[in-house]
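For clarity, chains are labelled A, B and C in written order, and residue numbers in each chain start from 1.
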Amino acid sequence: MRLRLTPRDDSYYEMFADSANNLVIASRLLVELISEDADREAITEKMRACEQTGDERTHAIMRRLNESFVTPFDREDIYRLASCLDDVMDSMDAAVDLIGLYRLDRLPKGIIDQVEVLERAAELTAEAMPRLRSLKDLTGYWIEINRLENQADQIYRRLLAHLFSGEYDALTVLKLKDVIEELETAADAFEHVANTVESIAVKES
Amino acid sequence: MRLRLTPRDDSYYEMFADSANNLVIASRLLVELISEDADREAITEKMRACEQTGDERTHAIMRRLNESFVTPFDREDIYRLASCLDDVMDSMDAAVDLIGLYRLDRLPKGIIDQVEVLERAAELTAEAMPRLRSLKDLTGYWIEINRLENQADQIYRRLLAHLFSGEYDALTVLKLKDVIEELETAADAFEHVANTVESIAVKES
Amino acid sequence: MRLRLTPRDDSYYEMFADSANNLVIASRLLVELISEDADREAITEKMRACEQTGDERTHAIMRRLNESFVTPFDREDIYRLASCLDDVMDSMDAAVDLIGLYRLDRLPKGIIDQVEVLERAAELTAEAMPRLRSLKDLTGYWIEINRLENQADQIYRRLLAHLFSGEYDALTVLKLKDVIEELETAADAFEHVANTVESIAVKES
């Protein structure tokens, strides 16, 4: 083990946990939005608030980084982890925005599978963040996120095949494709978060 | 403050400023191209020359990096900043190329808003580059670039909604979407430049 | 020259060479798949096996990194190089998958040019990996990869123009565009590999 000769700044762990918990809320809003009798306007409003909370938390981490003399791990890694968490939020928010922008009243059923994978990935990420403190027991987290990303990929490809099955006209395909691609990007972004955590663990171990 | 015990190599600041000034020229060519009575062929030619100048400058920075023993900040950051500036140029050049390739004689009016944001971002970036020397007064720059990127995002989404308003057939939507996406990528790339500058300032402060 | 006071771990060079050789196999499967009388099902099966081999090699590098105390160059660079090689494989695999998923029985002839550039890039990358050991004679490799990427770009744009020439309906354009974009992403990913090698050489020189 490595001795730490400098006082630790524990606030980062809490800030990362806050950011990840915010992603759990956002992913549940996505699940709600997909359901048939959803009050879309109200959910879109909540999503926007969620995205703003996320932005504030990202900036709080950046400000803290500016003021800290000692950081628990490399400054660049803190920076990258905060950015990756922010990317997840941006994609989930963009998907909700596109659904409204394109006035997509009916969505293919398979989208629920995509969104449930995102919810699970958000929960796993939120559970893992506090373990950054010890850098222990993280292997299971990134293996599971990688498995979920593979699953998300399969769901995404199945949805793509469905879009081109002949049921939809070209313009509708274009619109729906944008939405499911944004959700796939969110799944990828969860993997980038996990990769960043893995690379921190590799460096600090 | 940090004492510098090594001689500084100031040529980097000039090379970054040159690259950014080249982006100002490119963004003004884009504004010109959008205007109704534009001589598209002549502008496309100028854009190509601009892109080649950009490439030469990027390579000059890389060569300098190979030959330098001491650099004003981390080698990787110099490398990343040069790459990000190059990415902006690539997207602006690609947008011009696509307009020609797809023979898009008429463009939606809203594109002018997108392009004017790029011009403003280029100007701000060019003004900020010389301040890398002192790493002072950069906060205003990256806050403003982030604000511009948000504005670009709104313009982009408004243009997307317009594309699907029923005015265009599916193939035209596909073509125009490629162009406005490339311009949106350029706006994002300006934000990556600003993020790199921010992360250099965070590390060196 | 820099003295090395620590024992070198040569296994990394072999693992990177293995990964790159696997990309040569994958690129040749792509060439085979494009030919008119191809047994697509058999090739898709082989591609899947190839992608799994790639994944195993990537994970072997990551595991080795976890266990190594001394690495031949920066841990993060080893991590990034392994990830970039993996990205190439993912894009080539995704292209094959989309061709099957969209049931694209006929592909535009120009795709063979795209795929042959990928094959050449894979071969060059595989030849360059063993030279990471000495970090010598790598300049020619990354100049050539950059040239190939420019060529790939021109082929890609020519294919795009062809897609919109009026020969295809909107849904077919959408499908074919996804395939050629994935192949273009693979060409870009080869350039990212070369850029990573270049940045390792810059740092270690």
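As a convention for this text, contacts are C-beta pairs under 8 Å (C-beta built on N, C-alpha and C of every residue); 3 or more make two chains touch, one makes a residue touch a chain.
Chain-to-protein mapping (UniProt): A, B, C = Phosphate transport regulator.
Just so it is clear, the structure is predicted and the values come from calculations on it, not from any experiment.
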Degree value of the rotation bringing chain A onto chain B, based on Cα positions, nearest 5: 120
Fraction-based call for chain C against chain B, same above half, different below: different
Mean-CA-position distance for chain C and chain B (Å): 27
Residues of chain C whose C-beta touches two or more other chains: 170, 174
Residues of chain A touching chain C in the complex: 157, 160-161, 164, 170, 173-174, 177, 195, 198-199, 202-203, 205
Touching residues (chain side chain B, partner chain C) in the complex: 62, 65-66, 75-76, 79, 83, 97-98, 101-102, 169-171, 174-175
